[in-house]
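Next up is a structure, given as C-alpha cells.
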Amino acid sequence: MSALFSTLAALFVGDLQRDRVVPASGYTSTLTSLTAAAMAFLVVFALALSLASYRLAQDWSKALEQSATLRISAPVEQLDAQVARAIEILETTPGVASARALSSEEQSDLLTPWLGVDVPFDKLPLPRLIEIVQTPDGFDPQGLRLRLTGELPSAVLDDHVRWRRPLVQAANWLSVLGVVAIGLIGLTSGAMIILAARAALAANAQVITVLRLIGATDAYIEAAFVRRFAFRTFIGAVVGTVIGAGVVALFPGEEEQAAILTGLRLSGVEWMWLVLIPPILSSIAFSATRYAANRLLKGLT
Amino acid sequence: MSALFSTLAALFVGDLQRDRVVPASGYTSTLTSLTAAAMAFLVVFALALSLASYRLAQDWSKALEQSATLRISAPVEQLDAQVARAIEILETTPGVASARALSSEEQSDLLTPWLGVDVPFDKLPLPRLIEIVQTPDGFDPQGLRLRLTGELPSAVLDDHVRWRRPLVQAANWLSVLGVVAIGLIGLTSGAMIILAARAALAANAQVITVLRLIGATDAYIEAAFVRRFAFRTFIGAVVGTVIGAGVVALFPGEEEQAAILTGLRLSGVEWMWLVLIPPILSSIAFSATRYAANRLLKGLT
Amino acid sequence: MSDCILCGAQAQQGSDVKSGADVIELDGVAYSYGGGELLSDMSLAITPGAFYFLTGPSGAGKTTFLKMCYAALKPTSGALKLFGQDVRTMERNDIALVRRRIGVVHQDCQFIDHLSVADNIALPLSVSGQDNWDDTTNLKELLAWVGLSHRANALPPELSGGERQRAALARAIIMSPDIVLADEPTGNVDWEMSERLLRLLLELNRMGKTVVIASHDLSLIRSAKSQVQARVLRIANKRLQLAGANL
Amino acid sequence: MSDCILCGAQAQQGSDVKSGADVIELDGVAYSYGGGELLSDMSLAITPGAFYFLTGPSGAGKTTFLKMCYAALKPTSGALKLFGQDVRTMERNDIALVRRRIGVVHQDCQFIDHLSVADNIALPLSVSGQDNWDDTTNLKELLAWVGLSHRANALPPELSGGERQRAALARAIIMSPDIVLADEPTGNVDWEMSERLLRLLLELNRMGKTVVIASHDLSLIRSAKSQVQARVLRIANKRLQLAGANL
C-alpha cells in the first residue's frame, strides 16, 4: 500500500525540471493514454457483466432451491399418512434441504389463475402438494422416483424448473468469463503498454544517448520516462473508467427491471471496484516502462 | 468489392524490393499487430454477445405473444355465446393479433401438473380459457378490461407474463449495445492504428527524409508504409479473430442449453460475420496509414 | 551575374540537358526562416557543366542556398528555376522527379540505418525504378573509388565519420545526375581522401555534369582551381558574391 | 610511452585530480568491433593538463579511441584507467559519474531536439544536480564565446552545421570538466571560427584541464603547436604513434 502511495505521489509531483528531457507529447504517449483509456473502459464493462451475471446466477440458484414439488393423490383417509411418509423419505434424500406440505389455501392460490375463484376447491378430491427445497447441487430425480414408487405409488415428482439448472451454470460461467476477460484485458494492456513504452523509448533513443553521454545515471533516465508513462497511463485510465462508469450508470438497474436480469448496472459498493482500475493500470505501466527502460539502457554504454 | 480485392492482393504481393526501405520489425509494428489482434478478439466477443441477445429478444418476444389469457366463467348454457362474444371483442382490440378458445384437452393439460390425472375435469364447472396472441407492441390491458366489464362481467384478463416485456426490451437493448460496442471498438482500433502508424512514421522520419532526398515520390513512400501496416493489421486481426472464434466455440451452444439463453455460441451463417473482421480492420489500417503518411509527407520537402 | 561563357566543361555537357539552357537560375531570390532575411536578392545563372565552390562563414546560409537548389526550401521571394522549371509552380511529384537529376551530399549525411551501405548507395536506382541496373560492376567500382569496398555490407551507423561522407557522395553520384550539390563533402576526411574525392567530382564535371560544393576548406578550393575552371561564390552580408582570384 | 614531464600546463592542474596521477592510462589496449583488431597494443599515459592531437586516416580508429576514453567502449583486451579507475571494473553508475568529469564533443553532435540550444548546453548541470547554478552569467558568456548568443533559443535542428559543432563544444565544457575529448570539433567551421574555438580549448588547458582533439586539420594542429606544448598522436597500422615535430 505504501509502495502504491509513493508511486502515486511520484506521479503527481508535476513536470519536474528533469522530466522535460522526455518530450511532453508525441504519438506514442498519446497512444499510451488512449490504450489505457480503452482498456479501462473495457474493464469497467467486463466488471459490470461479471458482477451482473454473478448476481443472476445467485438469483436463479435461489429460484432453483424451491423448484420441485411432489404430488400425492390418495383416498382422503390415507392422505395425511402418505404425506407424512413422503416428507420422511424426502428428508433423508441427499440434495433435499427441506420438504413441506402446502396448505390448502396455498394450493388454491396456485390454481386460481387457471380455474378462477368459482371452483369449489375444498369439495374436490385434490391431491396434496409437497414443496421441496433443494440444496444448491440438487437431488437425483431418478433415484428419488425409484425410492418413492415402492412405498407411495401415487406420488408424482414434478421437477419442472429443473431445466433452469444449466442456466445457472451458464450464468456462473459468464461471471467467470467476465473475470477471465478482465485478466485478459489486463495482460493485453500490459503488453500494449510495454510495447508503447518501448516504442517511445526507441523514438527517444537520441535523448537517452545524449543523456548517457553527459553523465546521466540510469536512475535519472529511467525515472524521467517511467514517471511520464505511468502518469500518461493514469490519466488515460481515469478518463476511460469515468466514461465506462457513465455508460454503465445508464444501464437499466434492478429497480426498473424484473428479477432475472437484475440489471447490468453496478450497485452500491460495487462502484468501489472502479476506483482501483487507474492505479492498477498505471502500476502496470510503471513496471512495464521500468522494465523496458532497463532493458534498453543495458544495451547502451 | 473489387477495391477490397485489390487491397488484399496488394497485401499479399510479399516483401517487394521497395518495401525493404521500411524496417521489417519494430515495436510500433508489433504494437499494431497486437492492437489489431486484441481488437479483433473483442469484436468477436461483442458480435457473439450482440447476436445471442438478439436471439434471446426474439425468443422472448415469441413467448410474449402468447402470454395473455382471458378466463370466462358462466353457466354452461351461456358459456359458448360469451366465449364467442369475447373473441369478437378481442379481435377488434388493437394489439391483439388473434384470439382462440382452448379446447378442454388443452385446459386439462395445463392443470395436470397441479391436480394430477385423477381429477374429473370434465365433470367440473370449469371456466373457459381464451389464448390471446399479441402483436409485438402488446395491447393495453386496462383499456381491454374496461371494455370487457360492460358486456362480460365474468371475464378475467390474465396478463401474467406481461412482466417479461421489459426483459425483451433489455435483451434488445443489449443487442444494440453489442453493435454500439463493435462500433466503439472499430473507432478505437482506428484511432489506435492511426496513432501507431504515426508513431511508426515518426520513428522512420529519417527513412522518409532520405527517400525524399533521393527523389522518391510520395506514392512510393506511402505505398511502402501503407502495405506494411495494412499487412501487419491483417495478420493481427486474423490471429485475434481465430482465437476469439475458438473461445466462442467453447461457449455452451443451443443444444446444451435451455431456451432462454439460447447460447452465446454463434450458429451457422453467423460465423460468416467473423470472416469480415480482418479485411475491415486492415482497411481501417490502410486508410489510417495512408492518411497519416499523407499528412506527414505534406510537412516535408 | 551570369555564368562565364569560357567555361571549359560546357562542350561536353550532358545530353539530356537542353543545350545552352541554365540548369539553376536564381533571379532576385531571398530566403528567411521566419525572422529577418537570411539571404536576399541573389541572382545567378549556373550553366550546365559549371564547377562552383560556395564559401562563407558558418551560419551564413550555404546549406540554405543548396537546399533551395534541390527544392527542399522554396525562396520566400524571387524566382528560382531548376532545369528551366520554376520551383514555385512545381508539384511535390515534380520535385521528386527533378531530384533524380540532382545528386545531393547532405551536410549531416543521412542513411537508411537498417540497409547495408551498398544498398543505401544503390537506393536512388531502386527509387527511380532502375532496379535491373547492373549493380555488380558499377556499384563495386564506385565503392572502390570512395574506399568503401571493405565496408559494403556494414550498416551506416557502423561507419566512421569520413566513411559516411564518402558513402553519401557515392549515393549522390550513382545515378550520374546532371547536377551534384555537395555540402562540406570533405569536412571529416583527411587530405589524401579529400583530394581523391575532388578528383571524382572533377571527372564528373568533365563528363558535363554541373558541380556545386559548399566548403570552407581553402586548400581544397585552391587545389580544384588549379585543375578546372572553378568559380568561387561567397555568401557575405546576405548576398552572393563572386570571389576574385585571391580567395 | 609516457607523458612529457616538461608539460607547461601541469603546474595549474585541476584541484580535484590527484596530483601527478595520470587521468587516462592505456596499457596494451586493443579494440575490435567483431572482425579483426582495429586497434592493438596501445599504451599511453595522459597526465593532467596535457594537450593532445589525434590524427590518422579516415577509418583508422580515432573515434573508437576517444570512445574508449569516455568508457563508451571497453577495450577488448588490455587495461584502460580513467582517473585511476579501471574501466573493466566500472559499474554503469560509475561510468555516469566519471563522464561528468569528461566533456565530450561527439563527431556527429547529438542534442535533445525539443530543448532549446541554451537548455541543451546547460543540460549537464541539470543532470548532475547543479540546477541552481548561476546560468544567467556563465551560460551567456559561453554562448557569446562560441558565437551562438543569437541562436540561444533556437532548437538544435535549426542550427547550421558549424553552429551545431560550436554548441556541442559549449556543452562539453560547461561543467569545467577535467578532460575535454573533442572529435573533429572544427570539421564544419571556417578558419576564423576554428581559431577561436582553439583559443577556448587552449584557455581550458591553461586552467589545468586535459585536452584531446581528434582532427585531420593540419593547419589547426600547426596553429596549436605554436601556442602550447601539444603532442600529436597518429593512429596508423592499428598502432598509436607519436608524430614527430614535422607532421
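The letters A, B, C and D name the chains in turn, as written, and every chain counts its residues from 1.
Here is the rule we go by: a contact is a pair of C-beta atoms (placed from the backbone, for glycine too) under 8 Å apart; a residue touches a chain by one contact, two chains touch by 3 or more.
Just so it is clear, the structure is predicted and the values come from calculations on it, not from any experiment.
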{"item": "Remotest chain, subunit C as reference, centres from CA atoms", "value": "A"}
{"item": "Between subunit B and subunit D, centroid-to-centroid distance (C-alpha), Å", "value": "69"}
{"item": "CA centroid of subunit A to CA centroid of subunit D, Å", "value": "63"}
{"item": "Centre-to-centre distance between subunit B and subunit A (centres being mean Cα positions), rounded to whole Å", "value": "21"}
{"item": "Touching two or more other chains - residue numbers and ranges from subunit A", "value": "none"}
{"item": "Per-residue multi-chain contacts in subunit D, two or more chains", "value": "none"}
{"item": "Pairwise touch network: line, ring, star, complete, or other", "value": "ring"}
{"item": "Pairwise chain contacts under the document criterion", "value": "A-B, A-D, B-C, C-D"}
{"item": "Subunit B - residues contacting subunit C, complex", "value": "17-18, 20-21, 23, 206-207, 209-220, 297, 301"}
{"item": "Sites on subunit B touched by subunit A in the complex", "value": "26-28, 30-31, 34-35, 38, 42, 45, 71, 73, 107, 110-111, 113-116, 118-119, 124-127, 129, 156, 158, 160, 163-164, 166-167, 170, 173-174, 181, 188, 191-192, 195-196, 198-199, 202-203, 252, 256-258, 260-261, 264"}
{"item": "Residue ranges of subunit D touching subunit A (in the complex, touch as defined)", "value": "70-74, 92-93, 95-100, 102, 104, 106, 110-115, 119, 123-124, 126-128, 131, 171"}
{"item": "Of all residues in subunit D, those that touch subunit C in their complex", "value": "33, 55-59, 62-63, 107-108, 147, 151, 158, 160-163, 166, 183-184, 187-193, 216, 218"}
